[in-house]
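As structure tokens, here come the structures.
Shared chain: chain A. Partners: chain B in the first complex, chain C in the second.
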Partner chain A sequence: MGNQDEKTTSKVANSILIETAARKRERKQLLIISLVCIFLFFGIWEIAVRLNWIDGKYLCAPSAVIKTFMTKLSDPKPDGAVLGIHIITSLKLVLIGYIAAIIIGVPLGLLMGYYHTFDKLVSPIFEIIRPIPPIAWIPLSIIWLGVGTAAKCFIIFLAAFVPCVINSYTGVKLTPPVLVNVAKTCGATRWEIFSTVCVHYAMPLTFTGIQVSLGNAWSTLVASELVSATAGLGYMIQQGRSLVRPDIILVGMLTIGILGAIFTTLLSKLENKVVKWRAKS
Partner chain B sequence: MASKDIKVQVNHLTKKFGDLLVLDDISFNINKGEFVCIVGPTGCGKTTFLNLLTRLIEPTSGEILIDGKPADPHVHNISFVFQEPSAFPWLTAQQNIEYGLKIKKKSSEEIKSQVDKIIGLLGLEKFRNAYPHEMSVSMEQRVVIGRAFALNPDLLLMDEPYGQMDIKMRYYLEDEVIRLWKATGSTVLFITHNLEEAVYLAERVLILSNKPAKIKAEKKVDLPRPRSVSDDKFVEIRKDITDMIKWW
Partner chain C sequence: MRTKNQKIRDFVLSAISVIVLIALWCAVSTSKPDFFPTPMATIERLVKLFEKPIMKVSIWGHIFASLKRVLFAIGASIIIGVGLGLIMGWNKKVRAAIYPIIMTLRPIPPIAWIPLIILLFGVGEFPKVLLVFIGSVFPILLNTISAVSMVDDMYLKVGKVYKANTWQTLHHIVFPASMPTILAGIKIAISSGWMVVVAAEMLASKSGLGFLITRGRDSYDVALIMVAMILIGIVGAALSIVFSFIERRLCGWMSS
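Right, the complex of A and B next:
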């Protein structure tokens, strides 16, 4: 009997080892495929530009983009500022607008989801404002706030605000009645039900909203910097267009992409900390 | 029986939804520390009945008294174990069990000793810090039951808590609920449509009629514990209740 057990155990252990090895191999293959794709993409792009299949004034080679990127780190020409200044200027706008949107939007959404009267009070106005694209606010915000930082932040704020509100609102609305009833039968007050049950239940969806908001904030940045800027990544891209310098445009786009990716990663890390109770898929 | 032993008094409880009469003049008492099962056909208004007892909805007429005072979740400790999984997914097993005590603003020493006691009784020591998504359905339900007992409830209501378990798990959990009930001295009202379960658990079984629900009959179960489902007397009582319940 003991022998039999041992055999079964080693069989199971073996099959687990084989499975792990197979998974590793599969992961490696997938990684190779991804890398090959990237190299092919940039390789074809590079060749196409070098062999003049594409005119240099429409698109420059990836190698040129990297070169410009390096030069821009220290050279303020031709658009007036080094890359670092552009990054800081834009980062400030995005962060102010985005953080304000979270601070105001998330609590607003949560409260709207829970308090019926509050919902009825705010919803109609919110529903009218919601479908208006943030860019359509540019002229008004200039009249109200001038052409400085405030107007740009305001536009980014509006873009990031909407998903924050909607997602936290929906999260609260979706709280299973049975969980609310557990709190109720324990004798919890309205506020306790909200703060100990609904807010927690809404967190995963709220975080999805915060992620969407981040994307919105960055994509509105370029548009907001149309408003008389002197520095910023959006401004740099605009300058690249006026000067017909596709490499400058691409450096700006690339920087926004990288910054966005960094923020998304940080946010995911935070999310995993806050909602660590969620089942990992 | 002396009236001081009566924990819960239900007097002429009636509920109408519009013209639909769901509960028709229900009256009964539950003694302190008693384990009462309620059986009845599906859709007879059991859920409505429970929601009335926990004051999630208001009765059309009649009253529910606990210790002679109208039942109120803010005053009395009422616990409810719902049919569907109801552990808070963002709390660990231990935090779930603490939840009701925290709402009742108990002191931290009291919370700690009570939670340790319940976790000990459930044998959940190893799973103290596990989240519900890391548990099986039956384990989650055990945490919920622990949470309900932790409050030292004046009245503990259980709505078919083992409806989704297989038979082996059910036997195990039924013994566990008896153990918790004895250790805490709670007053339990247990709803089920499984007659065997009712006879196995209860000291007294109340039988509800079809809608509009009335108390059709009542049966004392005075078998010693642990009970055996194949015992002659057990089978006899079950058969009696089956005859009483027949609504078909």
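Right, the complex of A and C next:
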């Protein structure tokens, strides 16, 4: 009998081994498909430009983009600044607007979620302003604040502000009444319930809002620099268009994309650190 | 349940906040009417806009021009995003083939495409629709992929028991099960598309609500800027309300 049992166990173990091997093989196969396709994508693009299927004046080959990227690191021509200056200019704007939006937006949303009177007072104004895209504010903010840093930061602030408020508001609203009641039973004051129970419960959702805000801020930055600037990544691609230099445009787009992806990754790393207690589903 | 008294109190509070907002607007604008038109001046400008067309296009024409671009692009995004998303969510090999390319393109904000698209396709209708398409296809596509790959295994097994073929499984099981997530993606796509169309029209256009803003800036007609912003807000809000209605119709079982 014991022998029989051993046999079945080894059979099961074998089948598991075979299955994991099959899974490994499948994963390898999928990775190869991915790599081949991405090479094909860039390869076809390169060939299409080289063979003049697409006019090189309007779209340049990936190899040319890499070449321009390398020269732009040290050469301020033809758009007036090296890539590093453009990046720093843009980063400064985004950080000011974004941090201001977090500092004002998150507490506002949390308070609105908890204090009913405050909510009813503030939310009508918020609901009136919310549907207007931040980009539509550009001309008005230029008239009010001039063409400098302030106007651009204001627009980025508007873009980042809305998700911060909405998510922290929803987070507090979703706090289970059980938790609030337990705190009440233990004799917590309203402020204590808010600051220890609701704020903590709202944190994961708030963080999601902060992440969405970053995406919004980053894409609005480009818009604000397209309209008026003297340096910055948005300005760089706009210059590339007026000079008919597709390679400059593509370098700008690539830099914007890479930086955006880096920020998102950094922020989700930070999120895992700060919101440790969140249940992993 | 809120009592009647509380409802009245809520209403009074909301009314107070709107009144304060309008009062603030009046206070700021009367001191600097050139910078900031008064509420009355803004309403007058709106009435004038109904009577006197800009660039030979009436106000309804401008609203319609923007709406047309967004709706065309959203239609294309739904067809391509949902179609491709279903295939990519269903078939691992197709997903492995296309996903990396999408992930390379996705972090580039749609607005950053504007200069390249203008360089490639000029300033006609097609480039604007294309831009809105770029802004709206990703949320639909990504939501569809994740919805399809997260369909409950149980449903698929039931389909297998009843000997459903691939088409039947997709049509009767996978598609309805992923419907709520797909609709959520479309909702995000509509608001993002509306933002992109305003940006595209502000940069290069002769019609549309975004154009009205640029027009107001160029002729230093601040009241026109305000009117255009308010209209953009109203139409944007209306779009999302209409879509929520459609969502409830298509996916009634979700709201209960």
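Quick note on the criterion: the second predicted complex is superposed on the first by the 245 of 281 C-alpha atoms of A that agree within 3 Å, B and C clash if a C-alpha of one lies under 4 Å from a C-alpha of the other, contacts with A are read in each partner's own complex, and residues count from 1 in each chain.
Simple rule for what comes next: contacts are C-beta pairs under 8 Å (C-beta built on N, C-alpha and C of every residue); 3 or more make two chains touch, one makes a residue touch a chain.
Not measured: the values here are computed from a predicted model.
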Chain A as common anchor, with chain B and chain C clashing or fitting: fit
Superposition-derived comparison: chain B or chain C, residues of chain A touched: C
Which of chain B and chain C A:Phe41 touches, first, second, both or neither: second
Contacts of A:Gly260 with chain B and chain C, given as first, second, both or neither: second
Chain B versus chain C as contact partner of A:Leu31, first or second or both or neither: second
Chain B versus chain C as contact partner of A:Glu192, first or second or both or neither: first
Partner chain(s) touched by A:Thr71 [first = chain B, second = chain C, both, neither]: neither
Least Cα gap, in Å, left between chain B and chain C after the two complexes are fitted on chain A: 12
In the complex with chain B, residue positions of chain A that touch it: 178-179, 181-188, 192, 196-197, 200-201, 203, 275-279
Complex interface listing, chain B residues touching chain A: 54, 56, 73-75, 77-80, 82, 84, 86, 88-91, 99-100, 103-104, 131-133, 151
Chain A to chain C touching residues, read off their complex: 26, 29-31, 33-34, 36-38, 41, 58-59, 117, 120-125, 128, 131-140, 142-144, 215, 218-220, 222-223, 226-227, 234, 237-238, 240-241, 244, 246, 249-250, 252-254, 256-258, 260-261, 264
Of chain C, residues touching chain A in the complex: 9-10, 13-14, 16-18, 21, 35-36, 92-93, 96-101, 104-105, 107-116, 118-120, 194-195, 198-199, 202-203, 210, 213-214, 216-217, 222, 225-226, 228-230, 232-234, 236-237, 240
